[in-house]
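Next come two complexes, and both contain subunit A; in the first it sits with subunit B, in the second with subunit C.
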Partner chain A sequence: MSGGDLLHVVTNDDISKGRRAFGRALIWGSGALMLLVGLAQWAQLEGISSFGFPNWRPTLYAYCLWATCLCWGQVLINGEQGKRTLFVLPAALFVISLTVFPLLFGMVIAFSNWNLSNPDGRQFNGLDNVRQMLADPFYWNAMGNMVWYCAAILVEYAIAFALALALNAEIRARKFFRVAFLLPLMLSPVAVSWMIGKSMLVIQPAGPIIRLMRTLGWENPSFYSSPWMAKLTIMMMDAWTYIPFMMIMILAGLQSIPKELNEAAKVDGANPWRAFWEVTFPLMLPVSITAILIRIIFKLKLADIVIAVTSGGPGGATDTVTSFIFREYRDRSNVGYGTLLAMVYLVIIIIAMTALMKLAERYARPRT
Partner chain B sequence: MKEGLYQYANSKALTRRRLLQGATALGGFAAMGGLSALPARAQEDLRAQLLAIPGVGNGSPTEADWQKVGELCLGATKTNVAEGEFAGVELTFFGINNNGLHNILFRGLLKGWETYTGAKINWIDLAQADYNPRLQQSIATGTVDFDILAMGAPLEGDTAGQGLLDEMPDWVKTQIDMDDYVSYLKAPVGTWAGKTYRITIDGDCHTFAYRKDYFGDGAISGMAEAPTTWQQVQTVSQAVAGQTDPLTGSPAYGYLDPLKGWGGFGFYFLEDRASAYAKHPDDPAWLFDADTMKPRVNNPAWVQAIQDVMDTMAVLPPDQINADPGTTGFQQFLAGTGSMLCWWGDIGSNARTSDTSVVGDVIGFSINPGSDKVYNSKTSAWETPATPNFAPNMAFLGWGVYVTNRVSADEVKRKAAWSAAAHLGGKDLSLWMAAYPSGFQPYRNSHFMYDEWAAAGYDKDFVADYLGSNADSYNHPNAAIEPRIPGIFQYYSVAEDELAKGYAGTYASAQETADAIAAAWEKITDQIGRDSQIALYKASLGL
Partner chain C sequence: MTQVFHDAPVDRAFRPEWHTSRLVVYAVLLIWAVICLFPIYWTLTTSFKIAPNVMKGDMIPWVDYQPKWLGWRALGLSPDTIFTESTVRAEFFKRFTNSVIVSVVSSCLAVILGSLAAYGLSRFSFKFLWMRNSDISFFFLSQLILPPVVLALPFLVLYKELALLDTRVGLILLYTLSVLPIVIWIMRDQFSSIPTELEEAALVDGLSIWGAFATIILPIALPGMAAAFILSLVLTWNEYFFAALLTSTYSNTLPVMVASQTGSQGISWWSMAALSFAAILPLIIIGIFLERFIIKGMAAGAVK
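For the complex of A and B:
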């Protein structure tokens, strides 16, 4: 042990050989037990032999026992150093249990033919699901729609910025407007779907917006009949719900800009437009990029409004990847294929977001 | 009984005079049996007594009422089970809890049964949307953790087809008087490979609802009577386009096709049109070829149905492409938009009770329209029968109670499970469920004695019209029965997606749309297993 480490040691470890041996035995013994139970479970599953294990609970209990013994063993073997390990080890095991293991299990499912109605259960089918995905017009149509949905974020951003500037200015009833503009964010998207998407825009002949449109001269108002109109309507409802989120982030950023900077610009003769582009906007770039990235993540999960209002129609024009996976997985019990689609989408999101963050890092760096 | 219809009856609550009239009529009716028919009179007394709990006009039944009904109906149980015979037995019941009914109602109805037999029931209550995924996951992962199951017949393929159910003992068949079922709920529905598994507690079918004010002398449709064939429906839809609705003053519309999917349930509405063309009286199959599972959805009959929809899309209300069956039934038809549609019994029960309904006084009912021509899949040719071909769509086939094979090895537990299920499906108890809010529709011939309903306080004319269309559909010799094969809603769901593309113009024609559905169905069949699907399809058709 180095001298530096000794500074932080609060007890003087004097670990006997027997204790170390017991610690190792505990870890290896419980590990062996977990392996045995897992093998027995597998043998039962494959019909090789029966150990009376109707489900995977014995293996889960064996894993919990092993995890506990592993933690305890660290203290027995390493003393004070082992106690330090305990600050991280349980969390690491927890993450592995609830994230890494399900992800690996998900990968196994993704390469399987697993329709819940198939009496033979799950069967490994290699790359069949990938081939099906590559030739699936519904999936790629939904992917194409996502590009348009994400592109709409730029418009949302511009509106959110404008609203944030307005709420940052010295206007009357500023507090009221701040709360009022936040209200849509507090609503469930499903509620928005029903309140606006259906009650106001669809119901004939009573829908108020339908009536208003008729009054304004639109003879047969229709918000979902044409593909682009339907897509725009979904975009608007989603934007109405989430613009306040971007707005509140930008508003927080605006309030953190020292007033002296804008005052200095004013003294130097900059008009408000120039001051905005030369002072406010560059300073807001890091906040803006963060807001846009988070909004993209939200947008990529868009499903609830689409499922509730259009079910992806007309003819797939409003479908999102998530709403399509929902139909494939839940309505059609196509677990294997649905999981693969989700996995591929996850990989695409990770790659795209990583690339975006790299780009953002470059462009958000303060100009010198 | 659908809750709405009961609320309507309540709003027209019995006066004391009418109550006395009803009681006198029932009393007189019972007395006519004479002393030589004491058991029959006792039965009638019990039915009259049941219909008086709590009595139409006295608000919705309470938990106490449910328990009282359950206790009154214990007679059948007592003939087969001794008091305390199931002491120590615990059963788990799997079902839904929609509108505070279904499982919640069953708790009350089974309370007296639990007290008498000594058994205890644990409950798995699920929201409607969670029901199917939970059931499918339990089956697929081998974690069926329930002994009694409330389930729709279309899912029999997923359960009975996979050997998960326990066969009904003969004593149960006698106790519940299965001969009283309406025709279409008799075998093969509820049976699998010749074995009976289901105690029916509900009936489901689509019927035709129309606006009476669109027809008659001087009516805007130009027709004296409501249409009875799809050809006439098409004519009416075109004829009323551009005219004014006589009730609301808004634009008039004809038949309302829901063009948007509804989690698979939307496909039933294309079936309404297609069954008249595709269900030949000599052939029980109409969705697939029974020997090969080759889809028939792209044969000329189905293509004609899709074409009919496409032909009238231009005269449907704006945004109809985004109208699902719920919108079509409740936000359009009941609100006065459109003049004809096919739907389940909810339209009838809501027509005079829903606050948003304006059509209560002008609504009429009949079985689904027929067709002047019918396609014979065996000869691959259209036929023109002497009278139109009618094939009412038995959409969803209603709820039933089933017992799982978890109890098969334990004779006491098995008897307890079947006894509980038989109690819920008992003849007298079912009358009460048909007459009061329960979420279930009538399904026995004995439910259609309208005098009983009138004596209980219902408007006989309306009930006879509304329920009569159901009874005529149920007992129709050429009823289009839903195939009870595994994954049936997968087929419907993917069909909805392809139809949406067809209606949106992505495909060039009705035939191309139908071909896309057929191709998708072939994929599903292959994925689930063609041989097993063929065997199960045949079994479900009783072949």
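For the complex of A and C:
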């Protein structure tokens, strides 16, 4: 991004001293109020004194007040410059207060034994959770499953690319096909898991896919009994939902390729197969990488289908990290351990994604 | 009339190949269209079946079986029950309203916050501590990587303390957070394609920067905002994980209701089918009529 403003505005703000002082007072005053309310709350929690607060709501309201005053104060103090800050500041405050703060809070929880149903509340237990995690075969099993699930993206990508090519060809009823292909993405994964995962794959002996499999010669089709079959089924359902997403990104990329390039290849005597590999595919590389990276990000959040259909079974074969932590919380309501698992997951994701992005950057650079 | 000009034999030989390639393309498209549409069709038809039809696996209404309102009656939405009292229908509409309120409000919030931020980042240079514009953009977009499960348990505890558990406000806050990066992604692309001369002209004419934004830029960026809004709407409508964790009785959304019905009461396929179909119907309608915007939204950023 360029150094200076893209939009040059010349303003001669003359902000009076009083206004500036008022702005400062506003920010600091509301900040002090927030601190005061927070302290009072804490004092009540510790049993030092009672202010009759039923919960932490007052602190939340004080925080909202402070945030508003901070935004307003920007305009009061900095004039025109403050008005520009006002574009980004609300979103930034929102994101910071909703991610950074809970993350820091999560760090504290992660190293404690905290059962929400237990009246004793939080107990700091040092590295016990880490030790438990290292010895937890189901967690690492779920982690391994994630690798398989992510590997499935390559197949999804191939299918999505083929579909995008077909949609990009000169066809009739393009609008119909586009809408039809898009629909799976719109449906809620929970409904999908019922529609496909249960009603089409479970009803014996009449589920349509079961019947199809039987006509194709599979004696006794069952989709959730063997670990690999179950994993494949989950993969396919997830693919069904998300292939349209990749397809649309790739289609957008295909449409931005000038037609002349393919025509030139044809004139030079390349058959369609070669033209694809020598012209289209290399040109599509940056888009493909973006699509795959975004898809991986979405895949790492996969949970709905697993929770709704198999809840991890058989024997944890279909568990994703998210669904595993979800069950871990549901079954034992241990917040501390679950948070540690999630934190470790986050760290692994960040490392893996950074590495992938670095790698992608090297590959995606147009070759000359 | 005799033909005077013929194609060269080479060109004529080319035709069959062209036809086969056509055939392959249409075959691929049709097969995939069936794969996409069949589950929806199956759900719709199952909702009109009764037990023997389900067990026999009848496919086509009026040919294989006679459609019955059984599934919809269980939901209180069949013609003969629609005007009578029905607890299930009341429940369904409660969940439905929850879903509508939560998804619409959080999408609106995300679009407002996100477009403002994206506009600011595309026009001015900011400096906050060590962070410059590109760092701030990256900070926003990096939220996309954050898996929901990391925030889920801390939020559970925080919401418990704040008495926000099982409230719509709590869900709205989290949903806004989860779609904000996507909105910023789309809107950044949108704003950077609008030339700055437009605002400069407006500023010369005496509008303030916010005035210029509201009167000049906003109308131009409206299609992009619509795309971002609809995409957020779809994502928040379908969200299940947070809703399952953070709500229990009062502010459940539709996906939670669908999921909770799956396990219990010895699956009655027809009513589940009716429920699922009712839950996805709004999205199917959006998909059919606003497909243009969704594709636009998702294609943004794919092509620079």
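Definition applied: the second predicted complex is superposed on the first by the 266 of 368 C-alpha atoms of A that agree within 3 Å, B and C clash if a C-alpha of one lies under 4 Å from a C-alpha of the other, contacts with A are read in each partner's own complex, and residues count from 1 in each chain.
Methods note: contacts are C-beta pairs under 8 Å (C-beta built on N, C-alpha and C of every residue); 3 or more make two chains touch, one makes a residue touch a chain.
All of these numbers come straight from a predicted model, not from anything done at the bench.
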For the three-chain arrangement built by superposition, which of subunit B and subunit C touches the greater number of subunit A residues? C
Per the contact definition in the header, classify A:Leu232: touching subunit B only (first), subunit C only (second), both, or neither. neither
For A:Phe138, is the partner it touches subunit B (first), subunit C (second), both, or none of the two (neither)? first
Now for A:Gly316: first (subunit B), second (subunit C), both, or neither, which partner does it touch? first
Touch check for A:Asp331: first (subunit B), second (subunit C), both, or neither? first
Regarding the shared-chain residue A:Leu116, is it in contact with subunit B (first), subunit C (second), both, or neither? both
Regarding the shared-chain residue A:Val190, is it in contact with subunit B (first), subunit C (second), both, or neither? second
Just to be sure I read the superposition right, which of the two partners does A:Lys198 touch: subunit B = first, subunit C = second, or both, or neither? both
Just to be sure I read the superposition right, which of the two partners does A:Lys301 touch: subunit B = first, subunit C = second, or both, or neither? second
Who does A:Pro221 touch here: subunit B (first), subunit C (second), both, or neither? first
With the touch criterion stated at the top, can you tell me which subunit A residues are shared between the subunit B interface and the subunit C interface? 54-55, 114, 116, 198, 203, 205-206, 335
Where on subunit B does subunit A make contact in their complex? 133, 136-137, 139-140, 142-143, 157-158, 161-162, 248, 250, 260-264, 317-319, 321-324, 327, 331-332, 335-337, 486-487, 489-490, 493-494, 496-497, 500-506, 524, 527-529, 532
Contact footprint of subunit C on subunit A as seen in their complex: 1-9, 54-57, 60, 80, 83-88, 90-92, 94-95, 98-99, 102-103, 105-106, 109, 114, 116, 162-163, 166-167, 169, 171, 175-196, 198-200, 203, 205-208, 211, 240, 244-245, 248-253, 256, 272, 286-287, 290-291, 294, 297, 300-301, 303-304, 307-308, 321-322, 325-326, 329, 335, 338-339, 342-343, 345-346, 349-350, 353
For the complex, which residues does subunit C have touching subunit A? 21, 25-26, 28-29, 32-33, 35-40, 42-43, 46, 54-57, 59, 113-114, 116-117, 119-126, 128, 132-134, 136-137, 139-140, 143-158, 160-163, 173-174, 176-177, 180, 184, 196, 199-200, 203, 208-210, 234, 237-238, 240-241, 244-245, 254-256, 258-259, 262, 267, 269, 272-273, 276, 279-280, 283-284, 286-288, 291, 294-295, 298-299, 301-304
Per the touch rule, the subunit A residues reaching subunit B in their complex are 54-55, 113-121, 138, 198, 201-206, 220-225, 227, 230, 309-317, 327, 330-335
